[in-house]
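Next up: some structures, all given as structure tokens.
You will see chain A twice below: alongside chain B first, and alongside chain C after that.
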Partner chain A sequence: MSSELSPLLSVTFHEQGCDHLIELVHQRDEHARRQLASVDVAVYDADGKMLGDIPVDPRDEVVDLAGRLAGHGLAGERVMVVLDSRYDERAFPYRPHHYAFVHPRRAAAAPLYYAVNAVLGGVPDRIGATGINNFETYLFLRRHLAARPGLALGNPSRFATAEAQVFAYYGAQRQTQKVVLEPKRHTEIGLPATLEGEPLGRVEVKSLFKLATYVLARRARSGELVLFDHLFTYFK
Partner chain B sequence: MLRVLRPLARRLLAVERTPTYYLPWLTGPGLECVLILNNIESRFTTPTDDPIPVSAHQYDSDGTLVRRYDATLADRTDAAEVRVQPTQAGCGIVTVDVSRLKSDLYVTLSDGEAYQVTHGRGEFVETYPLWVRALVILVGGALALVGRTIPAFTRYQYVYRQLDYRSHVLLMNLSNVTNRIRVSARRAGTRSCRRLVTLPPMGTRLVDVRTLVDEATAIGRLKLEANAWFNLYLVGAGSADLAGPLSIMHVK
Partner chain C sequence: MTTPGLPEPVDSMLLCYCTNLTIGELRRAYLDGRWPLPDKERTGKLCTGCLGDLLYCLRRFSAAR
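So, the complex of A and B:
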């Protein structure tokens, strides 16, 4: 292992009632040489209050997040999970990312495999977000389906309050929401599926630095998670 | 060492790499697959806003080109939704001409009530000359007799098998040569399960995770070795398995 380590700060959201497995390293050679040098995992509630540290062995390959959180009395809550890792660059040959696999228990829905957001405090040039302004985009399928789209946003910074502008596009119309998040706070906002008959086509999130941002959708009848995906940072 | 040897070997074998944007597709009863073609990223980089024609080619799981789709993007914020026509095989590759596009393209799987989405890859397809294809068929065929392949490319991937959900693997051959992909699955303290999956040029195969991980609840470590360029996507399935809602996701 090299003596030069790189940092990676990542954020995801965990909901009670979900199985949630996080791959600390994405690809692993058969001799198990690739592993994190260290990883600290902290959990925050929606108000930014730290609920605790989760002890994780950096030699682990896949962490059962739901199992590790089971003893923290978080019933009914969605929590923000911050992973602060140090790694040898060979552990992530491409862009550094943890990956994860999430599934609502007892649901017929398909499990979702996703790339965990790399955020402020990682290595900006390696996560592709070097600009002062951060601007992310996501396109939606423009047809009416019985699922409720939304955005989950979290502020991983230690001291800075973040303001995010969320622009949702419906044909030629645009709807704007402003979200203010104090350090370590997180929230979920709904995006109307239609506006005056026009379907949601695109959403953009603009903020001063890279927040934790996920597009999500919930099945209208059951509320179960059916979409959980990263946005795209095009304006760098 | 491999970084030096691979380009050298490609040059010696006269292998060409054609830049190609590709996506996986999946269809089935109650499962609709729609591509979202767009040029959204270019609004930051391209001054013009002229309509842009865009075309996509659908390859079936046996590598046969089954359909071409044409659409026009009215401007840089427009998106064309292209419904992928189902085939009996139900999976394959779509390539998109992105010579005038600059953006990630999406593929969606919908059960009529909700949908799941991932993006494609702007990579390349390998073209091998005839004599190399013949050589690969000869040597690869001999190695296949003992369950082996020419290990020109290797990938690693975790897969998940649980009681009511799991991740299957969609393998994609991104070359014009028959690609034998040796899939080895390991779990801590267990022996490997091994399969040799043979894909025709531009072919795909959905590999059931239960044929790789034999325990009812386990995480498998896959090692995939192939004689030509390939990629894979994970296909998530719930309690109804492939008859129910599916998700699809890229890997690194």
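So, the complex of A and C:
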């Protein structure tokens, strides 16, 4: 076991008008809450420009992201929030997990609870995992969505432009979209809810390297989020 | 070779979050002909998130040789 701290870089997206609470460490033990050694939080606009960083005390249990972002001039924008953490593997033998609540203010819908997407360091070398991580899938419920589905993608790399293919499956048919993201850029693409009467059944994202990816769905009229979840790597 | 708008690879930057490889370690190993280092062979192959940056750095270091 190494005394060197292990790194983890996780990414989420935040929209103006939402309450957004991030639980820095989801795990607990019998004696106390486990803590990160450090966490740096940086915020980027859709063009990849860094808007600022948010000082966070790793002893904090929950970070009020919306509150901390107030004053960053983000009216109506979606921003990419990058959490760059260091942790002791003796406290987290696998790795820490950040979870979060997001809720559009004044929305009637319930808050959405989700796992923050671990992008870099999500598969630490010491656990010996061999699965691929850059081909991700999300299965939708087998009924028509009463909302507009979509996909939010972000590229947390420093130097490399990402080209991703997004496949949306409707019964035996599929639609393909290509997304190109320069470093730190992010975007949201729409996915038709139905195709020739068939509901959206699954979406896949394939790229050279892992991106920050979330499926989402919005109410047709208000645009309120009613789904926000990361994709999964089913292929081992 | 530089790409406009991109930061320079700085040695202290952590490149691979799965194997704890810094850009400086990669640069030195590559320029000395020791890449991949014995304990860093899986760089870019675990979470895959750094693979694009790894290939970018290797191209940069190759051009500088």
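The rule we apply is simple: the second predicted complex is superposed on the first by the 206 of 236 C-alpha atoms of A that agree within 3 Å, B and C clash if a C-alpha of one lies under 4 Å from a C-alpha of the other, contacts with A are read in each partner's own complex, and residues count from 1 in each chain.
To be clear about the criterion, contacts are C-beta pairs under 8 Å (C-beta built on N, C-alpha and C of every residue); 3 or more make two chains touch, one makes a residue touch a chain.
As the structure is a prediction and not an experimental result, all values here were calculated from the model.
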Contacts of A:Pro183 with chain B and chain C, given as first, second, both or neither: second
Which of chain B and chain C A:Val62 touches, first, second, both or neither: first
Which superposed partner A:Pro7 touches (first chain B, second chain C, both, neither): second
Contacts of A:Ala107 with chain B and chain C, given as first, second, both or neither: first
More chain A residues in contact [chain B versus chain C]: B
Touched partner set for A:Leu208, first chain B, second chain C, both or neither: second
List of chain C residues in touch with chain A within their complex: 3, 6-7, 9, 13-14, 16-20, 42, 44, 46-53, 55-57
Residues of chain A that touch chain B when the two form their complex: 19, 21, 23, 26-30, 61-62, 93-95, 97, 99, 101, 103, 106-114, 137, 139, 141-143, 145-147, 169, 201-202, 217, 219-220, 226-227, 229, 232, 234-235
For the chain A and chain C complex, residues of the former touching the latter: 4, 6-9, 118-125, 129, 132-134, 156-162, 183, 208-211
Of all residues in chain B, those that touch chain A in their complex: 34, 36, 38, 40-41, 44, 77, 79, 81, 103-104, 106, 108, 110, 112-119, 155-158, 160, 162, 164-167, 186, 219, 221, 223, 234, 236-240, 244-247, 249, 251-252
